[in-house]
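Each chain gets a letter, A, B, C and D, in the order it is written, and its residues are counted from 1.
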């Protein structure tokens, strides 16, 4: 169900233990919050519990701060980390790109039409090419060129933009530079990359050319949180597209664009809807 | 997660009201039952609440009868209907067929290998053709021929088999006779049919021939609960398969077989795992 | 294979008869044209033959006019209609829209980046809303409002635009007005509409709302040539998207957008690549 | 179009050169053979030409031997290898299995119902488990146990079965032993293996467990010709299935079965319909 104008989201996670669901649902009931949708999962491998709840406060004067303060006391007993998301929340975002524009174009469309509840604070690139696209959408565009010598400096400037804009999410929409380990760590759990292959197949550079050489009959895309192991971050969404013997590498590039856009958009949508939990090298995704 | 040997399922539904989740989860906690997976949904259209919970009793001497008796008292206050399903439950099933054997063959394979937690008590048909297949699996096969005159009588005998075998689910695995309104009512919510089109497209007879005439580029299959409105029962699962200009009606028939098998098997799997709730003319399906 | 800069397309159709392939391939060989890809299909239902050939002239001074004149003589014997398409052909197109912008936005992106070999000559709408989008792409936008009284007049103006721009294809990218029979006839085989359902399911208005009422588990989109029978024109491409019980009609609308864009883009791509043949109430589509 | 009772298939390949299509189609016309469907592809990477033609002889006394002899003379000039397949051809096949029965069960069903035009001459296994299944279908079952010491000897016996039965295709339907390089070479282009991952991801043992560790959101299956590089043979077909965080490795195993069966069946179907051409490390597949 699309969240209506009065629907909040409460997400939480903690070590596995009896009563983890109860502590959430009882508090909501006592707070006269009406649960419209709830999913929970207890991972017996990692012994960790995850829950996502959509609810509507029944009283008109719902006080989010008081709610959080009161719940924090109960959550503490379970070592439970939680987050409350308001109905009108729009996550502040920075998008990083290089020269390919399809993912950026797609995100900007979903942003402009309100399909994605994000607020794009800046577009950052190591190339000037996509500035007109950002301009048309009235968005600041930062061009930070990069060379072997200036890599560290460029990253510092990117980080400045992230900090100053208050971005909670960085989207690497076909950004073709490898981030440093330090940057990856700073952005852990809040930077989503789209890789143009079905990971773990075809890591690294030119995956479509690798796919052509191998003669695969499906190409794909993988959206994942970045970590310091290139193309090895926890996977959020994956998509595929059939290809054939007559497709040259450039055809695979062209055919892959749509599935890259869709796969990235779905990952971002799930992330901002608080449907994704980072869980070690994997993710928990409560699908709609 | 595949249910382990000690995982029970509790499903429930009731009119929408504050506290519906809480009454379930609080009781489970008090009963020292550990929730491993839970999904709930509150339908604001129908003002009805649905919940499905998988849990493991932490105490070795879990008493299902006592659990149900105790929970019934609490559920009554919410007009909540509920069902408790044991870890080793195998739903007793009767399968109805005519001449086409692909869905039956598929179900028998999943049954024989334990993939589907059902216990097939009988195969019933208006034709003798599929007896050898039932025989090989050691299953009783009832051949009740049907004519315009004997239709009511035949249905009575089918009903006898359902009653005597204690079947909780009837699967119409390409059974090509229309059931009477009376029979549909008796089997409401516990008879699943596979129709070989993407309903509501191509209702009635020879849907693949209709699809050929129309020149569609996708054919499909729909598994649904039966009701007395032919091919209009609440949909559980649907699947599709691409087709092309070179496909004759017989090709569509052949290409559709796999998707019919898969779509029916998924519906049955969801039903026996108590993932499906009948909700007026629609269904609520908590997917895995 | 993506057509390289020197690859021509020859398409043809005629009544079924011995030698239809031979007349094409022999002529190409004699003309020293090198066939890189060829597909033919002889429909035994309609007794009609279809062929599509991609070829590279081996001589540097390929004369398209002379080629056509020479081939016409041979084709005549087979009552064969044919078309020769140059490597750099860009089909002139008029796009018609109402208020929804997702399909237009998608087509404009593919146009701007050269993915679709079309040349958009105008955007025509019965509403002013999408003018800024057309403006940014530097395209003429014609706003022809429509009322019950002005319908005929508006269509006349649309037709004028089609004529004056020399458009060979009209794309109805979520144009929400029914065209007159006369207009449908004039545009026969060269106007593609996107309908937001899996036809023949949910014809007419508000198909997603119909789909919600029916409780389907898949929604879809259908791109088809228009004819004077509403939503009954010959189908080119269809696509689907899974939906669930928690999706309200507005969610179906939102979830359907991507598949509408993709389905329409694929139909347009196939049409301009001369992969689609109109064949009575059906189409022949030589897929890549 | 499903091949009717009088439709022959002619396939051919040769080095790229002007006139390759013409030599085929002209001969067919002169032989009064009516082409119903034709696809050709010229690979500019490998400079090799491939063609597949379905045709109906118009004269009642079509002489296949004379046809081949006459065409051989023309083909020789183009160094063209060709194959003529009769309407009623059923390819003799040997199936190899270990303990998992789903692919075998699926192939046997398609064989028994005539969906796959093959003639299964024997089932060979390194385990006795699947003998009852073969027995029910009236098929010889050879149990050749295997140990490190007897591996060469066992392969020799397998080869004997292949030779003696005249098998033209060997299907490795989840056969869990690696074949020797010698055996792979002998079976080059006529042995199809199903690997339970989307190659090149997750080669080798226990791919579903690897997929679980990696946290992928899609699992898949790959049907390929074997070669002496394990899981690296030319790919024919691939299929995928969505999975989620709640799926344990055993769930992936269960969910993957259907897609393995479908992917293998499609590869075998394409191979026996002469739609697949081995082309170095890749394949050309003329899809329907």
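Keep this in mind: a residue touches a chain if its C-beta (ideal position, glycine included) is under 8 Å from a C-beta of that chain, and two chains touch if they have at least 3 such contacts.
Because the structure is predicted, anything quoted here is derived from the model rather than measured.
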Interface composition of copies chain A and chain C: same or different, split at half: same
Most distant chain from chain B by Cα centroid: C
Between A-D and A-B, the pair joined by more C-beta contacts: A-D
Chain pair among A-D, C-D or B-D whose interface repeats that of B-C, sharing over half of the contact pairs by residue number: A-D
Chain centre separation in whole Å, for chain B relative to chain A (CA means): 36
Where chain A and chain D are represented by their mean Cα positions, the distance between them in whole Å: 41
Multi-chain contact sites of chain A, meaning residues that touch two or more partners: 1, 37, 41, 244, 246, 248, 287
Overall pattern in which the protein chains touch one another (line/ring/star/complete/other): complete
Chain B contact footprint on chain D (complex, rising order): 1-2, 37, 101-102, 105, 109, 113, 115, 136, 244, 246-248, 250-251, 254, 257-258, 262, 288
In the complex with chain D, residue positions of chain A that touch it: 41, 43, 45, 198-202, 213-218, 220, 234-240, 244-246, 248, 279, 281-285, 287
Of all residues in chain D, those that touch chain C in their complex: 1, 18-22, 25-26, 28-29, 32, 34-42, 44, 58, 287
